[in-house]
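Each structure below appears as structure tokens.
Both complexes below contain subunit A, partnered by subunit B and then by subunit C.
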Partner chain A sequence: MRGGGAGAGLSERLRGAGGLTVEERWAVALLDPEAPTPPDLTSWNGSDPGQRFAVYRNNVVVSLVESLAQTFPVTCELVGEEFFRAMGREFVRARPPRSTLLARYGEGFAEFVDGFPPAASVPYLADMARLEMHCLAALHAADADPAAPQVLEAALREPECLPALRLRLHPSLRCLRSEFAVFSLWDAHRGELEISQVNPLAAECGWILRSGLEVRLLPMCAGDCDFVEALARGNSFGEAAEAAAGDREFDLGRCLATLLRWGMVTSVNGIK
Partner chain B sequence: MNRKVTPAALALAFSTAVTLAASPALAAGDKDKGDKEKCYGVALAGKNDCKAGPGTTCSGSSNRDYQGNAWKYVPKGTCKEIPSPTSPTGKGQLQPFQEKG
Partner chain C sequence: MVASGETGLPVAAGVGLKPEHFEQVIGKAPALGFVEIHAENYLVAGGPMHHYLERVCARYPLSVHGVGLSIGGEEPLDRGHLQALRGLLDRYQPAVFSEHLAWSSHGGIFFNDLLPLPYTRRTLERLCEHIEQVQDALGRRILLENPSTYVEFSGSSYSEAEFIGELVKRSGCGLLLDVNNAYISCINHGRDLDEFIAALPLHAVGEIHLAGFHRDRDSLGAPLLIDSHGSAVDRAVWQAYESVLERTGPLSTLIEWDNDIPPFETLCAEAARAQGYLSACAVREA
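Presenting the complex of A and B:
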């Protein structure tokens, strides 16, 4: 790009039709293959700037689609590479990254899939994208050490404090409820479950968490999600237990044991 | 939907949970790397636990599937049974290796 010349002010020179700056026109043209090559482009060796820009534009979109394919591997397998990449290109153009951290790119992809008419024949596709986005968030969540066993034992010695106890949960822990068997489908696509055993139309709930460096998916019951969500809202142990008690399948002891054994309880407050 | 949960029920569940979580059968072994071994050539792109590329020792830095200089923690004793299409032996290895062409 050439700098501003003498005479007209720089900002006036940079603002073209539609009131866009050079940078804005460049950004628009990068994502829209129909848009003309931004004017004022030159190349150092005299080759055609239009052709060079087209290569660059293609690389931008292809690399972002590639990043989506790595973050959503099972979503990709469910529809096949070709369909996924076509859908990915649409998403990249509609929702380009807002952050320079490519590792977290994909926010909003599940909602996009929900509203993408060609994907409607795979009703669980958006929830699978939701599940895989939770995996990415769990992977990048902050570290936190589990509460020491002595703290839990101290709480047990003061049973009258238990209802008001505040349990803080690990930053990686999140819940997903789906009308479809996304947890089983995910396992099947990772080779841990026979696909013929999975009924995709069975509703499933579960937790997504990170233990050490490994993201884990645990199918749980709806009450387990109610319990974790209530704690995350800042409710006490007693309130969270009541929020989950509507689910007949819910077993408070087992739920808490699972949280403890994966190191998901990071602090316990309210012991006198 | 909410039902009253008695303090006694809370206490019982809490003590069951603490006991269950402490029992060896249920204890998660993931935090303790003692029962794991580093296995080269079995990690998918970006899923390695460490070491890939010259001079880098970064988790998630491998850029190809089954990269010979990227490793992943696997349960001890299983590394040499995990298929690795890039490995000259066809299986994961305990040392980095030159991928076959």
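Presenting the complex of A and C:
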């Protein structure tokens, strides 16, 4: 940011009679359909500038809702296009983007859906939005190569050293725990599972990751999420296994095999 | 292909690169002069965007088009965004970087649209200051694109062409002449297109954009054209393009199609049509 002096002076000079700059008036009117059309607009033929200004108002909201629809396709399918777009317009007006990078737009959407009364009849909608936001983050996360097989073999040759190892995981890997069957619902909406086989009220946990160029959703157990989150916090292999031990379903061998299969272990430190 | 004196981008027709077409661009390697990307879509850490762009760049010259700098804005430029753009340009070394005569952010909010500004001495000075900062930060001369607009400001003291002429003269930036935008604005504001084009600093044009619009009407029933980038280039815009080329000679030309994205073949056919005009123009010049 520029120092206050020059910047403030410039914006002072730009202020019109009403004390607001052109952009300040536009910024309010673009997101608030009730706000008056900014003054000082004209048209060559005397047609209504307000109707012309409405093109901008429409472009802003429609393009941002479209960006949400692209990020949350299954969330959109669950409630239908019309409902989703109406909800999207409310979100856009309440939480317009703070960044020019629309690949990040949608943070906070799940929380908004949670508090959006008309969506209350679809209790798993917010978690589906959480899942799809994780998908977007995983898609654009940094690249990282899997650790070389020799590194892992060396680690496994000395089992007594395993607990002290520090594993670094792929930047795309993230966890979601839901009270609802959002992973199965997602599969069903992608045509990979029969919807009649899904009980939406069954709790599910899982991983979201990118392998190669593709985002994958893997239903896992709660312990698998505990394990991954412990490693991500910087805990050792042993500490992570301990963190996951509370879940009886947790199987350390299976968890590790799944991580390796998808190339999610990118380095191993602490090998003697 | 001859490199344009202005930019280093080949004087040929190119297309806007869309993720929907990544595989085809790489797999089919069609005859395109260059590809153009929207910078902000590639300001992500990793994944398919960079994977494909690296492969496309190995085959085609690249133009990077920014849509988020808000150069026409009242507020100071976003330094972080400039730095991120510099990183992208350093990584991919495009032949040209362009941005818009518009604003898109205010008060920390990004509106995702190219919004108009009054043409006054103050806005001219502010834009020149911003362009200078952008050119310094990016270490290169930029092209600035003429806007498509739906309203005019009663406070404007320059015509659009005069304003652009002053900008180019004072800041040293080049002009990205969007012929579709020029046509839209002339229809929307009752201006004569030939006069408008003739009044622009045509010597500074480094690239041309062509795109489709859709038709609406204002409150009096007069045509109001909306810059939708969602259809084929209109016949009137092809005509305007041909008459621009008669004045400027052949120039790097981009087909933009950002919404309702068509099959890749349709996009390439539009580029081939532009290439036809370029070749005819080059023959006439020879």
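FYI, the second predicted complex is superposed on the first by the 242 of 272 C-alpha atoms of A that agree within 3 Å, B and C clash if a C-alpha of one lies under 4 Å from a C-alpha of the other, contacts with A are read in each partner's own complex, and residues count from 1 in each chain.
Keep this in mind: a contact is a pair of C-beta atoms (placed from the backbone, for glycine too) under 8 Å apart; a residue touches a chain by one contact, two chains touch by 3 or more.
If you're wondering where the values come from, they're calculated on a predicted model, not measured in any experiment.
Undergrad: Based on the superposed arrangement, let me know which partner A:Leu169 touches: subunit B (first), subunit C (second), both, or neither?
TA: The answer is neither, since A:Leu169 touches no partner chain.
Undergrad: Of the partners subunit B and subunit C, which touch A:Ala245 in the superposed model: first, second, both, neither?
TA: first
Undergrad: For A:Leu213 in the superposed arrangement: first (subunit B), second (subunit C), both or neither?
TA: both
Undergrad: See if subunit A has more residues touched by subunit B or by subunit C, and give me that chain.
TA: C
Undergrad: So, does A:Val60 touch the first partner subunit B, the second partner subunit C, both, or neither?
TA: A:Val60: touches subunit C, not subunit B.
Undergrad: Should A:Glu153 be classified as contacting the first partner (subunit B), the second (subunit C), both, or neither?
TA: first
Undergrad: With both complexes superposed on chain A, which partner does A:Leu256 reach: first (subunit B), second (subunit C), both or neither?
TA: After superposition on chain A, A:Leu256 lies in contact with subunit B alone.
Undergrad: Where on subunit A do the contacts from subunit B and from subunit C line up?
TA: In subunit A, positions 103, 213 sit in both the subunit B and subunit C interfaces.
Undergrad: Quick check: in the complex, which residue numbers of subunit A touch subunit B?
TA: Against subunit B, the touching part of subunit A is residues 70, 103, 149, 152-153, 155-156, 159-160, 162-163, 211-214, 237-238, 241-243, 245-246, 251-257, 259-263.
Undergrad: Using the touch rule from the top, collect the residues of subunit A that touch subunit C in their complex.
TA: That would be residues 1-2, 7, 10-11, 13-14, 21-24, 26-27, 30-31, 40-49, 51-53, 55-56, 59-60, 63-64, 67, 96-103, 139-144, 171-172, 210, 213 of subunit A.
Undergrad: Taking the complex as given, what residues does subunit C use to touch subunit A?
TA: The touching residues are 40-41, 43-51, 67-70, 73-76, 78-79, 81, 103-113, 115, 117-118, 122, 126, 150-155, 188-191, 216, 218-220, 222, 224, 226.
Undergrad: Quick one: in the complex, what on subunit B touches subunit A?
TA: So the residues of subunit B touching subunit A come out as 1-5, 7, 9-18, 20-22, 26-28, 30-31, 45-46, 49, 59-60, 73.
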